[in-house]
Amino acid sequence: MSYTADEMMTVTAAHALRDQMTCFVGIGLPSEAANLARATHAPNLILIYESGTIGAKPGVLPLSIGDGILAETADSVVSVPEIFNYWLQSGRIDVGFLGAAQLDKFGNINTTVIGDDYADPRVRLPGAGGAPEIAAACREVIVVIRQSRRTFVDRVDFVTSVGFGDGPGSRQRLGLTGAGPSRVITDLGVLTPDPQTSELTLSGIYPGVSVADIKGRTGWDLRVSADLSELPAPSEPELTALRGLLATMPASKADRVPPAAAASAPVTARATEGAAR
Amino acid sequence: MAEIVSLAEAIAAAVHDGDTVAMEGFTHLIPHAAGHEVIRQRRRDLTLVRMTPDIIYDQLIGAGCARKLVFSWAGNPGVGSLHRFRDAVEHAWPVPLEIEEHSHAGMANKYMAGASGLPFAILRGYRGTSLASQTAGVAEVVCPFTSERLTAVSALRPDVAVVHAQQADRLGNVQYWGITGVQKECVLASARSVVTVEEIVDVLDPRPGAVVLPSWAVSYVAVVPGGAHPSYALGYSARDNDFYVAWDAISRDRATFTAWLDEHVYHRPAGPAGPAGDAVLAGDTGTAR
Amino acid sequence: MAEIVSLAEAIAAAVHDGDTVAMEGFTHLIPHAAGHEVIRQRRRDLTLVRMTPDIIYDQLIGAGCARKLVFSWAGNPGVGSLHRFRDAVEHAWPVPLEIEEHSHAGMANKYMAGASGLPFAILRGYRGTSLASQTAGVAEVVCPFTSERLTAVSALRPDVAVVHAQQADRLGNVQYWGITGVQKECVLASARSVVTVEEIVDVLDPRPGAVVLPSWAVSYVAVVPGGAHPSYALGYSARDNDFYVAWDAISRDRATFTAWLDEHVYHRPAGPAGPAGDAVLAGDTGTAR
Amino acid sequence: MSYTADEMMTVTAAHALRDQMTCFVGIGLPSEAANLARATHAPNLILIYESGTIGAKPGVLPLSIGDGILAETADSVVSVPEIFNYWLQSGRIDVGFLGAAQLDKFGNINTTVIGDDYADPRVRLPGAGGAPEIAAACREVIVVIRQSRRTFVDRVDFVTSVGFGDGPGSRQRLGLTGAGPSRVITDLGVLTPDPQTSELTLSGIYPGVSVADIKGRTGWDLRVSADLSELPAPSEPELTALRGLLATMPASKADRVPPAAAASAPVTARATEGAAR
């Protein structure tokens, strides 16, 4: 069964979730991956959306973070201040799923402005949403992002959400309670932080993709793990489940982009076609 | 006790030029009709506050009502950019827009501090981000017990809160349910408030997950059926996802936007929006509910 | 995910000598049966935390389980003094009792800080009172924006929360309604939790005003019908006001109290209390429900 | 129609409440007075109990602050943290009703310990409850207390709740947002703070009570207002309404004491009979 790079990315992201995990999930790719996991190997995955819906069990993919189906299927719906203070900040969520417009080698995320001057940005992006505190407080963070030299940069223009900051020890110095990014899942492969240097390192590669391809679409000198492995192609049941989920989305006249917690936006007009989802 | 008045009266009484206005509703229950009325009454120099200034503030910003925006995520959810917002930030059209941006957790805590009568709130946030240095009203505090460094955010105390709810009773008690967001904090943090409702009922039947705002904590209630459109009111209407998608094209171009505003806001009769009005809106963008 | 076990198993697993234990329930839903089980298992050196240590803690203190009490109002509501509490404070019987006392607002904010993963909370309180100088974990903080002086209270992070609820489902999700008090904050602030429930149901039907604690935020659920007696569970039982009145005489005298404890706690079979057990209690104190 | 000193006190306290006021009310005498006002001249009085019940409309007098009837008749029931932070601390409540075990000439309240040594008190009282923040934040505070040399002291042994502190300017220096005690209603008369000195001054006297009686039951040199007036006796409808309310209380084998917000307790064993309610 043939599949697209995006499908490979979503299925790989779904594999990162284990059953009964609590997952703070943004709309867009993270929500697709989390709902795919729930529809396949992790039926008791606990989805938490920043709209205050805890344990949402949508039968169809929600288009927005506040769709009625999230409230109607949730175990509990709480206020927005409560979801951030009692449920996220307290450190009780296993995994946070984030998107990014820019990502650097220490896993720091930019979803605010492109360009050096905050006051006069080259491109104004949506901003932080829930991402900074998801990145700070979840036990681990998974970033999902399409890979290019424009999105994978040596140093982000603006640190919206902290990954490993300046490197080892940064999170501890800043008092960030979660462990930070455990993996970055792209349309080409998977990067994981080096335990010594905290630098994102290529550790998984998709079938048919070469290391040179990936290095060519990375804005820093990407290191390759000694344990680099090829990741399995999506299974037929997974692809069927994913396509079934996507078919439940409302017809859309524009490309979809992951909003809110998974904040990301077109980086340039061209990017609307290329990188947005 | 809340006064039950028309939408035009509520906005005229509550929202003045130069005010700080917070219109809340987290995807659900966004007070769009009230936003249109503010545009129609041509308010100027507003400081607009909202966690997710989606289409509602794209319209107010594009119409030239705002001089400043306080927010945490400015996008068209599930669709893409807010073109009027970006045009204001990037090209000062139609007027320059000052911004003060936070994270969602920061905004939620700023509202909580305001609702609690405190000058600030503390959270684990901002540390290590570039936001901390760009945003006013963010400071470091040290825990007097553990010496941990945390972040203080200053309280939000808007002049006016504007929210939409499903129901009010004849005394002006308000009830809403579903995703309840940050509206309680927004209303309680603000000096005045306008609540548009789908309907007035004799008795507010208790509902699972409902928030009730007592009449004495609300300033004005106006009946505006469909007043959240293209957002929704659980139990009354569905989110008009197609309008969110259509907004991308409407708002991308200044002339198209201005024509839309003319037709759908300025040349629409003042007073309560209604299901008929919403049907017109929906029809004009080629969508069905 | 919460484990559904017997009350005796839950207490044995969750509550250890020397633990900090918070049993909450604001007049409504007080976990009395769980308190009895702690006495029956002869736990010692507990730091007991509770806003209103009414009869439930009078019993635990009189039974010698506690070395310290953290509280904000220690009385028998509507009746008078807590005699066992006073005897411990005034005469160190049966063991000395250290106290740390707050106001209700202080306690509520201490729980909120714990539930929020913060080391402290701020409030307008304590200033000008004698409490500020007598109570640990209270400090002055200065607002970094307005220079106002406010009060910081340190977070409560109990080892165990113990609460009573109306229902759980078979997965261990918990639901309670009516006066919901500070129990959510108490459970979320604590490392472990025990929830006794009136019944296990197949499905938690959504209820107006209900709080739902998801199973993964709870450690142990035990079915204990009538487990709040002499407090009540809205929709299941009525407050036994007569028992509160009768407690005054039972608890006034050490020997009477000890005999009561012997008969109604120690010599009662271990395991879930039941309606029958409550009937015995009520009968023995000459009251009717 | 004859009446008791307690009935006179309760009716006078009820008179202090106006229709549509918001009133933060403790159990015991404050609750009796507030419900009497609601049953007579102030049908739209808004009762708020610290159990989180806003707009409770009990048809019978609740025995405890958390009786089911309060939740069942309330406009809204909120959590205990919310009632204190969003509703009380924010300064939106018109009037707070407090009891006291000891009260001094500046309206400061003690409900914690009797005796000079906090660590070894002569009598241990219930403590603060909600009183300190009610005294701090309500727009005005009304104290209801039976008058004696033991309860009306020059300086309280322990300041549980601040009235006017050390005198004029204290509340401002402490940052207390409400105006403080507007009147103290006793079983003999009514005291109000002198606008210049903040000292409680006798301004109202009940029929048949002499100024000398009141001075004899005050532990400081009580000043008498130039505008001292005799307060009206309870009307027959008021007494009928009050007795009707009290008849709805459950039979009680012990004296009732005002708990929680209206915290008070027997000062001595004898006081259980004499002063507690």
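Labels for the chains are A, B, C and D, by order of writing; each one numbers its residues from 1.
Please note the rule applied: contacts are C-beta pairs under 8 Å (C-beta built on N, C-alpha and C of every residue); 3 or more make two chains touch, one makes a residue touch a chain.
The model shown is predicted, which means the values in this text are computed figures rather than measured ones.
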Centre-to-centre distance between subunit C and subunit A (centres being mean Cα positions), rounded to whole Å: 41
Between subunit B and subunit A, distance of the C-alpha-averaged centres to the nearest whole Å: 27
Junction residues of subunit B, two or more chains touched: 112, 117-118, 123-124, 148, 150, 184-185, 209
Subunit A: positions in contact with at least two other chains: 85, 89, 137, 177
Arrangement of touching chains [line / ring / star / complete / other]: other
Pairs of chains, among all present, that meet the touch criterion: A-B, A-C, B-C, B-D, C-D
Footprint of subunit D on subunit C - complex, ascending: 26-28, 51-52, 71-82, 85-86, 89-90, 101-105, 108-109, 111-112, 123-131, 134, 148-150, 178-182, 184-185, 209, 232, 234, 238-239, 241-242, 244-246, 248-249
Touching residues on subunit B, where the partner in the complex is subunit D: 1, 112, 115-118, 173, 184-185, 188, 211-214, 216-217
Parts of subunit B lying in touch with subunit C, wherever the complex brings them together: 117-124, 137, 139-141, 143-146, 148, 150, 152, 154, 206-210
Touch list for subunit A against partner subunit B, complex: 27-28, 50-53, 63-68, 70-72, 77, 79-81, 84-85, 88-89, 112, 118, 121, 123-124, 126-133, 136-137, 158-162, 165, 170-171, 174-177, 250-257, 259-261, 263, 265-266, 272, 276
Subunit C-touching residues of subunit A, taken from the complex the two chains share: 20, 22, 46, 54-55, 75-76, 85-86, 89-92, 137, 177
